[in-house]
Structure formats: structure tokens, C-alpha cells
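The letters A, B and C name the chains in turn, as written, and every chain counts its residues from 1.
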Amino acid sequence: MASAAPEGGRETRPSPASAGTRVVRTVLRGVAQVDFQPNHWTGLVFLVALFAGGWRFGVFGLLGTVTATLTAFLLGADRHGIVLGLEGFSGTLVGVALVLYLGAGWMTALVVVGAAVATGVVTSATTVWLKPYGLPGLTAPFCMVTTVMVLGAPAYHRVWAGHPATPAPSASRPGTAMSGTDVWHGFCSGVGQVFFQDKWYVGLLFLLGLAVSSLAAAAAAAVSSLIGLLVAWGLGAAAADIGAGLYGYNAVLTGIALAGTFLAPNRAGLVYAAVGAATATALTAGIANLFTVVGGHTLTWPFVLVTWVFLAAVPLFPRLRRPG
Amino acid sequence: MASAAPEGGRETRPSPASAGTRVVRTVLRGVAQVDFQPNHWTGLVFLVALFAGGWRFGVFGLLGTVTATLTAFLLGADRHGIVLGLEGFSGTLVGVALVLYLGAGWMTALVVVGAAVATGVVTSATTVWLKPYGLPGLTAPFCMVTTVMVLGAPAYHRVWAGHPATPAPSASRPGTAMSGTDVWHGFCSGVGQVFFQDKWYVGLLFLLGLAVSSLAAAAAAAVSSLIGLLVAWGLGAAAADIGAGLYGYNAVLTGIALAGTFLAPNRAGLVYAAVGAATATALTAGIANLFTVVGGHTLTWPFVLVTWVFLAAVPLFPRLRRPG
Amino acid sequence: MASAAPEGGRETRPSPASAGTRVVRTVLRGVAQVDFQPNHWTGLVFLVALFAGGWRFGVFGLLGTVTATLTAFLLGADRHGIVLGLEGFSGTLVGVALVLYLGAGWMTALVVVGAAVATGVVTSATTVWLKPYGLPGLTAPFCMVTTVMVLGAPAYHRVWAGHPATPAPSASRPGTAMSGTDVWHGFCSGVGQVFFQDKWYVGLLFLLGLAVSSLAAAAAAAVSSLIGLLVAWGLGAAAADIGAGLYGYNAVLTGIALAGTFLAPNRAGLVYAAVGAATATALTAGIANLFTVVGGHTLTWPFVLVTWVFLAAVPLFPRLRRPG
């Protein structure tokens, strides 16, 4: 099992080149697994999107991915999961989130390494805890580690020294009247904010990366981003926050997770996934209160909580079932 | 099992009339299950009490009960639990709580429907989570859904627009000196605040409804309301809050749950239940801090947390045992 | 099993004297178990250290220990665990913490008794909950009960009336420049703050008490206190808080727990324990935000959370194993 690689082929006679290739693919799959895709080409597109958002997102995202994967490797975690990228994706998000909140610098790099090591341990702990229920850990390790780092950071002088201001978009532009730009920017950024990116073309790149791996996943992401947009508008959320994709990305992740990834996409399953995406959207503002200090970003807590609840309930609902 | 009805009898030859009757009884049992009573007459008295508190409590409570029950039915949940009202009671409380905090209006009705649907899913998820420990879900689904709605509501313009001010009674009348009125109002409202009702005669109606189903449960509620009153007074809580029943209702629910419902009412069990009721009272102020924005109502979190802890510990305490 | 005492010997023919001795030893072991040591001599040194910190810490610590142990005894909990002190240590900490935050007085004594009774129940509940995962309850019962008491206390007039001000040391001396005194005071108090003691010689007494039971545990405590000091300094925490030991004690507990107590101290295990101690330190400021009102003491939450996560992950890391 140790040398099993999903793309098959050359691992019967490993050469230095193929070892290097496997490492690169493992890291890229780590980036792709943020959106549940064990596909290194998707990871490559996602990485390009991160660099398009800013060099620091690409560099710190890679740093987090590599550190988390290496931690799992050194602790002797299951090799198959490592190769699929399952030990890397929380590290990716840790790197991207912390460079956004703390600024690009050597101290932030150190903090990202420390946080990614912690993420490696938390990932395994979460797996053990959820095993009796058959639930996936999702991005919970990232959320847990980043939450405590972000809450504690203001007390640490060296960490907090160069942090940029990250107010919520609605702070400078309050009001609920949405423009056409808010709508299509919000639609694209709903996909991009999964990686904390608020530029519309970066969001489109992520959607493209998803389509490389799975058209169904890309469709689920697009529909879920629309659901998030509509629910947030219907509830009367601030237009600037909707336009930045802040109400969409938890719906996007929940939609991909429930529509096909962890649940068979039959008719009841798709309705269930749509309700889940709407629920994750509605949950967003409640959790955002905790994160005012860092611009009202809720990390991916709403997605994690809603997806856990919706998946845990499945055994009691005979019309729903796990896939394949 | 699908057609089993606790009251036995006519379901061997179902007729349109009996189907309608069964639906009405199921909804009424949903209301009654807030206090653990699978009895539709109790549900009827409770419903009258809600309307006596105000038409909006009756209407929105019914809306929540029906929506949550329907959600469980559509998802194919266990028919026996539905008939017993176990899928409805969290919806009842969602409706009553949200109309109190958000005001009676069409937007609130929409929010109640959405929240009750979420409650249906959360109820099943909680059942699955607690199964290994043999613990009941209690009103946790209501607490979880309402907490996030209430925390998030101020960020949603359309939801928050018409919300009434709901300051804690102690805001306008601080001080700890209790009058005789505080005592007997607090005793009655301790039972009524389970349903967020602060009129003394509404509380008495709920006590009457309990007695219809079980004199033991009514006695447990009355004694527990007194315990809550005494503990809160002893700790020095604000007299106006005690007089409104805010320190009593978690004790009432904990008392009913531990004295007879989930624990055999032997001597050790009754002492244990009394300690539990006192603990739930003391816990109230700590949790109230989280809910300052909505008048310091702690929902039924203290009851849920204390009852879970006290029931989970039972296997290690040989003097206590589950009933039946 | 009921009369088994770890120190063996006289229990075949119990006499009044030996019964009294056993009770005293049980209580002392309760105090010692705060640092995982089932050794009554260690408990005696710890008790002396508490009295050296102030009579009220000794008296209220004893009150909590005795009450929690008695609660477990009356409820019929496992006799062997009681004798080992496993039912007492959360009560010790409840007594010490509450007298620090609420002041020495009769009302505080009542609150300590109530909180220690609750702790007895929570200890058993935690044991049941964690059993499927093979995790120890640690000081979680103390943390849970004290957190809700401390959050709720300001609402209870009689409880809060005589409370002393307990600002964080950095409130009167901000800044991150550490003096030599900060370093060695911080090192000693890192051990002492496990019991909320901020005098350097009290910390040394606790280190001595540890050495009486186990030189390895004392070494783990000393190294972990240094790790806490270094990590907090590296992150740029306030020098006065580091000097008071506030960043060290969670590292100390985590270090003792992971290096030898719950994990075999092989090379991988010791590195893992050091990473755990560093993680608990970094977590401290994030949790401190919740406890600003009581001087920024985080109780032992960081230790509990980090140790649970690090122990839960062990089954997936073949280089680590449980001891024995």
C-alpha cells in the first residue's frame, strides 16, 4: 500500500525523477483537496489562481501544504492518505489565511510552520474522533488551529506587529442595495473565498480548476454560489460583503461536499445539498461575530458544522445514502 | 411499526377522519414533548397557554411544530418517533423564541420555517451522535439553531428590521430585594418560561397541562421551580429576573428530566435530580452573558448541558439507574 | 477491590487509625493528582506549598478536594479510583481558583462546595464520554465548572460582592522586554501556576513535590516550563505575564502528561511532548481573551485541549505508543 499512487504506473521501478514527481503531485493534490479533488492538475490550476491573487498566497499556501504533509510523513501517518493530499489541504488554508491576517514576513512564516505542524496532529485526532460516526474531518483542523491563532495573535507582539488592517467590505460601504457588479463579483468570489481570494477572476480560475477534475463538482460549486448569493440577499445581508463572496464560499464547499462527494446525487440528495448550502449561508453571520477582529471572515466553520450535521443525520433518512 | 400509535385502537382500519385526527394529535404531542409528555391533551392545554400568552406565540409555535414534523416525514425519519411528537418539539420552541426576538411578521415566518427545517436535520444528527452514550437529544437542536439565528440576526437587515426590544427585566429594575410578588410570580413563570412566557397565569396553565399527563411530572416541575427560586436568591441574582422566572425554567426542565423521565425516582435519584436542578440554575447566569443582546434569555442550554452531564455519569454511580 | 490501597500492607485488619490514615492519604493523593502523581507525600508537599502561597489556598483547596471526593464516595463511584485521588484533584483546583477570583469568605466556601459537587458528577460524565477513545478526563471537569462559575459570578450579587481585583500582571507593566528576574521567576512560577500560585518559591516547592514522586516528572516539568518561556518570548508575549508563569503552566502540565504519563518516553515521544508543550503555550493567549474579567488566567484549558488532541492522534502515528 505504501507505494500506491492513484495515477498508477511507474511506481514499480522508482527512479529519482519519479520520486520527485510524486512529491510534487502529492503537494499539488494537497492544494486540490481543499475542494475535495484528488487531482494534481486541479491543484496546479488552484496554485496558479493563488499566485494570481498575490505571490504571498502562493508561497505561504505552499509552505503550509508542505509542512503539514511532512509532519504527517514524519509521524508515520497512512502513506495512501498522504499521497492523495489528505494531509496537506488544511496546511494550505492555514498558510493562505495567516498571511492574509498577519502580513507577509519571516515571523508569519514561522507561525505558519508551527500552525501547520499542529494541523497535522489535529487532522489525525479529528479522524480518530469522527471514526465511530463515519464522518470526514473536512477543514475542521484548519478552522480550529487558525481560530486560536487569530484570537491569540493580538497578544503576541512579534506576530501582530506587521499585520495589515482587514476590515469587512461592508465597513467602508454599508447598505443592502446590490449592484449588478455585486452579483457577478459575488458569484465568482463565492468560489474564490474558499481560498480567501476576493478578486472575481481568481474565483473563475478556481472554478476552472474544479472543472478540470470534475464537471459535476464545478456545477455544484456554481449553483451553490448562487444559492449563497440569493439567501444572503433574501435575509438582507450587507451588499458589499455579498459582493466580496463572503456569504458564498461556505455554501460552495457545503454544496460540493453534499452533492456527490459524500452523498449520492439522487433527487433527494440534491435537494438536501441545496438546503445544506442555504443553511451554511444563513449560519455565516452568526459565526462572523466571533471573527470581527479579522474582518468578519468566518474561516470555513459554517461549512464544517453544517456538513457534519447534515452527514451525521443521513443514517436516519432512508431516502439519502452515501455514494458508491 | 409504521402505524403504531400509543393510544392504540383504531389504526387497523384507517379512515380519512382518523388520519386527520392522527395528524392533529401528532402536532399536539409535538408541543407537549417540550416537557417530555407524549400526550395530546397536554399538548392542547399547552397550546391554549401559548395563545393566552399572545396569538403570535400560538401561531408561530404551531408553524414551527408543523414544519419540523413535516421535514422529518419528508426525509423518511422513523414513523413511531414522529407520531410520539419527538420530531416536533424543537420546532415549537424555535417558533416561539424567534417570534419573541424578531417580532411577528412575514419575514419571521420565513425564518421560522427555515430554522425548523434545519432543526429537523439537527435532531437526527444529535440522535446519531448521542447513540453510543444512550443520551437523549433533549432540546439541543432548538438551542443550536436558535443560538446561531439570534447571534446572526443583527447582520441581516430584513430579519432584524422589525425586532422588538427585549431587555432583561433587571435592566429596568435592578437590585436583589425580592417582594412577595416576585416569589409567586417567579414560581409560576419558572414553569412558563420553558415556553418563553412571563405571565404568571400562563405558567399555571402549563403546570395544569403537565398534571393532565402526569401528576409526578407536575410535582417535579413545581418543586424544581422552587429550587431554582431559592438557589438564585441565595446566590444574589437580580430580583426582577427571578420574578420573571428566568432562573427557574432550566431547573424545571432538569427536574422533570432527572426525576422519573430518564432516571428511576428512587431516593438517590430524587436527591440527584434536586442537585441537578440547582446546578442548572447556577449555570444560568454564565450562559446568559452570551445572550445579552436578546434580553439575557439563555434558551434551554443550562438544562441541556446539565442533564447530559448528569445522565452521562449514571453508569458509574450504582445507586442510580435508568427507569423501567 | 474495595479495600485495595496502592501502598499495600495493613488493610487486611482495618483499625480506626488506619481508616483515618487512609482518608488523609486519599485526600493528599487528590491534591497530588493535579500533577498526575498518586503519591501522598507529594500531596503533602503540594499542600505545604499552597499554604506557603496563602492560608486561603490551602484551606479552600482542601475543602474542594474533600467535597469532590466525598461526592464520588456517596454516589458509589469506583473505590479504587477514589483511593488513588482521581476524584479529588478537580475539586482542589476549584477551591484554589474560586478563592483567588471571589475572595475568602463564607459565600465563597458555599460556592466551592457546590462547584466541587458538580465537579464530582462532571468527572464521571467525562470518563464515560471519553471511554470510546481511551482518553483521560484530565482537568476538564475543573475547567468546565470553573469557567461557568467565573462567567456567571458577576451576575450574582452575594457571590461577587467581596471579589478582589485580579488584573493580568501586564496590565500594570506592559511591554515585551524581559529582565533576568522575569526569566527565573517565570521558570519557577510556570510550575506554580498549575495551582494559580505566582510566587517563585511556591513554584519551587511544587517542583520539589514532583521530584519526591518521580524525578522524570520533575524533569519534564522543568523542561516544559522553559519551553513555555521560550515560545512565549519568541512570539512576543508581555514580559510581566511571562514572568508570572502565565505562559508556562499549561506547557508544564502538557509536558508531564505527554512525556511518560500517557505516552511512552521514547525519542519520538519526547519530541512529540515538546511540540505539545509549545502548542499549549501558543494556544494560551487565544483562550485568555475569554477570561479577561478574571485577570487573563486561562485555567488549564490549553493543556486539556492540546493533550486530548495529541493523545487522540496517537493510534495513527506508529512511532508513538501508550506506556506499559
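As a working rule, contacts are C-beta pairs under 8 Å (C-beta built on N, C-alpha and C of every residue); 3 or more make two chains touch, one makes a residue touch a chain.
What you see is a predicted model; the values in this text were computed from it and never measured.
Trainee: Would you mind naming the chains that touch chain A and likewise touch chain B?
Mentor: Joint contacts, listed by label: C.
Trainee: Same or different, please, for the chain B to chain C contact, judged on whether over half of the interface numbers appear on both copies.
Mentor: different
Trainee: After a C-alpha superposition of chain A on chain C, what does the rotation angle come to, in degrees rounded to the nearest 5?
Mentor: That pair's rotation angle lands at 120 degrees.
Trainee: Mind checking the centre-to-centre distance between chain B and chain C? Centres are C-alpha means, answer in whole Å.
Mentor: It comes to 37 Å between the two C-alpha centres.
Trainee: In chain B, which residues are in touch with two or more of the other chains?
Mentor: Correct list: 132.
Trainee: For chain A, which residues count as touching chain C in their complex?
Mentor: Chain A residues touching chain C: 75-78, 111, 114, 117-118, 121-125, 127-129, 132, 147-161.
Trainee: Of all residues in chain C, which touch chain A in the complex?
Mentor: 132-133, 176, 234-238, 268, 272, 275, 278-279, 282-289, 308-310, 312-313, 315-320
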